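So, here's a batch of structures to check.
Each of the next two complexes has subunit A plus one other chain: subunit B in the first, subunit C in the second.
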Partner chain A sequence: MLSFIGRSVIQKLVTLFLVSIVSFLIIHIAPGEPSQVNPLNPKFTPEIVERFRKAFHLDKPLHVQYFYFYKDLLTGKTTSWKDNQSVLKKIWERFLNSLPLFIVGTLITWTISFPIGIRAAIARGGIYDRSTTFLAYLLISIPGFFFAYILIIFVVTRFHVPVIGMETFGLREATTIHMIMDRIWHLLLPSVLGATGGVAILSRYVRSQMLEVESQDYVRTAKAKGLPPEQVHYKHALRNALLPFVTMFGLILPGLIGGSVIIESIFSWPGMGRMAYEAILARDYPVILTVNFISAVLVLAGTFLSDLLYLMVDPRIRL
Partner chain B sequence: MNTDKKEFAAFPEEEALVPSRSRAQEFFRLLNKNRLAFAGLAIFILFFLTAVAGLVLTSGTKPVLDPALVRLPEKLRPPLSRPNLQVLRPEQIPRLGIYLLGTDDLGRDVFARMLQGAWVSLTVGFVAVGISVVVGIFMGGIAGYFGQEQIRADRILVLILLFLGIGLAFLAHPSLGILLFALGICLWILCGRAKLRLEGSPWARFLFAETISVDTLIMRLVDIMLCFPSFFLILTVVALLPASIYNIMIVIGLTSWMGTTRFVRAEFLSLREQDFVTAAKALGVSKWRIIFRHMIPNAMAPVLVSATIGIATAILTEAGLSFLGFGVPPPHATWGNILSDGKRFIFDAPWLTFEPGLAILIVVLSFNLFGEGLRDILNPKLRERY
Partner chain C sequence: MQGVLDKSILLSVQELTVNFRAEAIVARALEGVSYEVRQGETVCLVGESGCGKTVSALAILGLIPQPPGEIPGGRILFMGQNILELSEEELQNLRGNHIAMVFQEPMTSLNPVFTVGEQIGEAITAHQKVEGDELRERCIRLLKDVGIPSPAERLKDYPHQLSGGQRQRVMIAMALACSPQLVIADEPTTALDVTIQKQILDLFKTLKSKKGMSLLYITHDLNVVANIADRVYVMYAGIITEQGKKRDIFQNPCHPYTRGLIASLPARSKRGEALHSIPGTVPDPAYKPRGCPFHPRCTYAVKKCSEEFPEMLDCGDGHLSRCPVVLSSERKTNTIRTHEGPHYSDL
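Coming up: the complex of A and B.
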């Protein structure tokens, strides 16, 4: 167990190191330089560009730049090229904005998919199963931005509530209950949109896991004993089908930093995705690289966590 | 042989050996049973024909349907409306005599623009997935077939020297780069020559030491690629590169080969232990012939399924990129940028949102349904499930 943890931590650290090199190279070898972003800007005189290049070590060779960048990142001193603010502070602020979307989206995904998937598996081949299957494909196939506009048209024309942004502008004097309702309305659409793909995929996965377990011998035995169907389905089958999903908690982790670029730009939601998008447009390399690095850390931590959870949950796996 | 034939002469040979249905017949029989997959295939063929027709009708200097023709007096006309003949010059009158899908905010015919965009979606889907499948089969095949072989330290040294040389030659110091490159080639030749002579000496033990297996190397590469958030990575690279449809295809292709690699590797690992591969080896069939003629065809089923679904994903990604304003430069229409341009008029001209949106939805859905159907059809284990 300890040797497994040690080995996989070392492996993940090596992977992380290589990821940091690759992402650094991708960004720096691509044509164009951040100091040339806006040549028409009168404030960008050659002297300022030169000073800028010096301040951010852009005049040094690549490997020195790499060293400086990750030294700054690991000591938490990276600053954005655009506004000289601390990158970590900026990311933290945006992260707090994205967090509610992530939490509500994940809750919707996990609470809706299980009942749908289980019922579809129990009534396999029936009308319910076939319609949810089709619906799942529909939700996977619909482009997020198109679905967003359908929902916006529907909600705005039917309920007459504003949905763009995090809250309605100028609601200072409103009562608390109004403020809360306003917040909920603004939160609802983006998180539903964030959850659609998840619901579709997870419910299909629940269904196939349930089908797998339902065809096992012990379920047939339980049925043959004459146990009531509820007990067979929920006590014998479901408990065993749940096993792989415990490990999926680890795989949610990368979603923390993801934040959908498209959905956040449609709803003008000042979250992580939008910040990354703006950083890409402004060629703000420190922000891009930091977001990339943190998300790589989360992906690796997520897979590590899910391996570990599997090890603890499934007694059949012994090292 | 002759005696064998006499013994079995009672059974008419030809009829006994040929299966009642050919493989293609069996395929279509199963496809017919899976109605959703059949609908998916039908829509896909329709989409293909539309896209080809769109390319023919909207390209060239004097296209039949001009997607870029601006008619300012006729802007934001709803679908199926007739053009106002008084305000238009003769060459501006739409060829169909009607705005089949309406006009946008510059009075351009949305029908022509949708046709032009169909070809973009089709090529992006197919080329991107083509790239990812080729890379995936190549990497997965190497990892699965040659995976156990160790890479010697001298080879790594040579590779490092070559790559460093090329990199330096193009980026910073051309002379130093060429020197390193030449050094790498010298080392390569020397190591090849000196291997037998140096056998046993401590130098050789270090130089020809076995480091990591090919399999580990490729699988670590897959892990690294999986660490990048894919849409964000694509967005970054596309934003940094000059805007062109080919860059998008290449970037999407090069960021989505990991799944195929894993499938092909797993298939190869199990296939190389099978009897028919052993038999081919015993017959002295060459390595590459075994890989290309015997193993890859047997490993194609999961690749085909993931490629079909990959096309759907690539079309969605391209639409998302054009929606954000990256990708194909503006006068050229894609479904994503028609929708993106139309979003400002979402309440006044909803057709600008709904037409491209529905088109993307239907095409992507058809690919997904066909891919899932293909999975059932190609998988003998799942055949009896429905």
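Coming up: the complex of A and C.
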């Protein structure tokens, strides 16, 4: 057990190191440079560009730049090229904004997908199964932004659900209760919309897992014992069907930082996804690379977590 | 054979027909299969792979998946009750409680994520109100009955920690949990090593004589039949082709299929010679030949065989066969001779 953890951690550190190199190279090899953000801008005289390059070590060879960047990152001193603010502070603020959206969206996705998928699998081929299949494929094939606009048009005109930002502007003096309600109200549409695609895909996946397990010999054994259907389906089948989702559970973690660029853009949500997107447009390397690095850490931590969880739920895996 | 006929009939499958439908194709897995199991008797259902043995066993427990399966005809009388007419709750009460089944694949028939103890305990609590230490004691006794060493420790084991033979013993323990009147064993030794096969077979014999239940033993192996059966039903392509007491089947087989199966046995007297095997394979139940389904593989076949579906004919004393050709030709010369081949009189 301990040796598994040790080995795993070392492996992940090596991976992280390689990721840091590759992502650094990709960013720097990609066309464009921060100093050329707007070459037509008359303010960017050659001298200013030169000073800029020097200040950010852009005149140094790549491996030296790499060293400078990760030294700053690990000591928490990285600053954005765009506005000279601390990158970690920026990310933290945006992260706090994205978090509620992420949590509510994930909760909706997971709590809805499982009952739908399981029920569809148990009543395979029935009306319920066929209509959820149809709906799922419909939602998967409609582009997210298009669906968002349809939803906005219908819901907003009817129920006046807010669609812009995280809170009503100028509500600073309201009571706490009021402010919380306002926040939740603003969360509603983006998180539901963000969850829709997830529900459509995850419920399909749950269904196919469940179907596969339902055809296993041990499910037939459970029936042959004379167990009631609930125990056959929800104990013997479900317990096995859930195993692969334990792995997926760890992989939700990176979603924390990725956010959803599309959803956040549509709803003007000042979240992580949008920040990363804007940083890419501005070629703000420190922000891009930091976000990148943190996602890599989260992905690796997520896989580590799934390995540990798997170890706990599947008795066949012992170390 | 001491008075087998007097024993009352526990299970009577009558003209059972099972189809599997896929789009427009209908696979006729069983076509009017009839057989009986009497109190305390061991009945063997024997035939090559794919001839419908498992389907007929699953039908008895109401476990044919519908769809794609359908049961357009027949009755399955268990203690006088037609199983095909039971509600789902009544079936639940029957399964495991009165009729239990041991499956072919011990490797996949146990649930990998529950311990042996949980899975056996559940077979008991599904039908009886037992809990705590008493439940544990009963699980331990069951494991002891099926010959598992240090049963108390094994309760905490997961299936993957046991060998194939031990898993099959656990399956048998589960089947015995509620002392059912009938145990159906569907090729319980096919997936096991030869030495283990012998042990499991012996276990069945011991348990049967100890518990006095009836046993419907399904196999494709005539050696096993010779070892364990009281009466035998030979099945081919969804029909019963021959039935009778073990002696009749082995010493006076009246159907070419049975003769072919017996001739394919590696007999002691013929060591060194090439093994006989029946040419061809079992037909796909969706595309069975007209007439006698065995005729394309049959060395006795005459023109009539491809035209008429053969009736079950009496060979005397409960010995029935579905081959008019063998019966008429060998009756004429008045010699229903013992088939040349291994002699099982010593069994």
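Rule of thumb we're sticking to: the second predicted complex is superposed on the first by the 295 of 319 C-alpha atoms of A that agree within 3 Å, B and C clash if a C-alpha of one lies under 4 Å from a C-alpha of the other, contacts with A are read in each partner's own complex, and residues count from 1 in each chain.
The working rule: contacts are C-beta pairs under 8 Å (C-beta built on N, C-alpha and C of every residue); 3 or more make two chains touch, one makes a residue touch a chain.
Bear in mind the structure is a predicted one, so any value in this text is a computation, not a measurement.
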Practice task
Put subunit B and subunit C onto subunit A via the superposition and say whether they clash or fit.
Solution key: fit
Practice task
Mind working out whether A:137 is in touch with subunit B, subunit C, both or neither, as first, second, both or neither?
Solution key: first
Practice task
Using centres of C-alpha atoms, tell me the angle at subunit A that subunit B and subunit C span after the overlay, to the nearest 10°.
Solution key: 70
Practice task
Applying the touch criterion given at the start, work out whether A:254 contacts subunit B, subunit C, both or neither, answering first, second, both or neither.
Solution key: first
Practice task
Pick one for A:146: touches subunit B only (first), subunit C only (second), both, or neither.
Solution key: first
Practice task
Look at A:22 in the shared chain and tell me whether it touches subunit B only, subunit C only, both, or neither; answer first, second, both or neither.
Solution key: first
Exercise for the section: For A:125, decide between first (touching subunit B), second (touching subunit C), both and neither. Expected result: both
Practice task
Kindly classify A:263 by the partners it touches after superposition: subunit B alone (first), subunit C alone (second), both, or neither?
Solution key: neither
Practice task
In the overlay, answer first, second, both or neither for which of subunit B and subunit C A:108 touches.
Solution key: neither
Fill in the blank from the handout: Of the two partners subunit B and subunit C, more of subunit A gets touched by chain B
Practice task
Determine, under the contact definition given at the top, whether A:287 touches first (subunit B), second (subunit C), both, or neither.
Solution key: neither
Fill in the blank from the handout: Shortest Cα gap between subunit B and subunit C in the overlay, whole Å, is 7
Completion exercise
Overlap of subunit B and subunit C contacts on subunit A, residues 125
Handout entry: Residues of subunit C that touch subunit A when the two form their complex
Key = 61, 63, 67, 88, 92-97, 100-101, 103, 105, 108-115, 122-123, 126-127, 158, 160, 171, 174, 177
Practice task
Using the touch definition up top, name the residues of subunit A that touch subunit B in the complex.
Solution key: 14-16, 18-19, 22-23, 26-27, 29-32, 61-62, 125, 134, 137-138, 140-146, 149-150, 152-153, 254, 257-258, 261-262, 265, 276-277, 280-281, 283, 288, 291-292, 295-296, 299-300
Handout entry: Residue numbers on subunit B that touch subunit A, as the complex places them
Key = 36, 171-172, 220, 223-224, 226-229, 231-233, 235-237, 239-242, 312, 316, 319-320, 323-324, 339-340, 343, 346-347, 350, 353, 356-358, 360-361, 364-365, 367-369, 372, 386
Problem - subunit C-facing residues of subunit A, complex - result: 125, 216-218, 220-229, 231, 236, 239-240, 243, 313-316
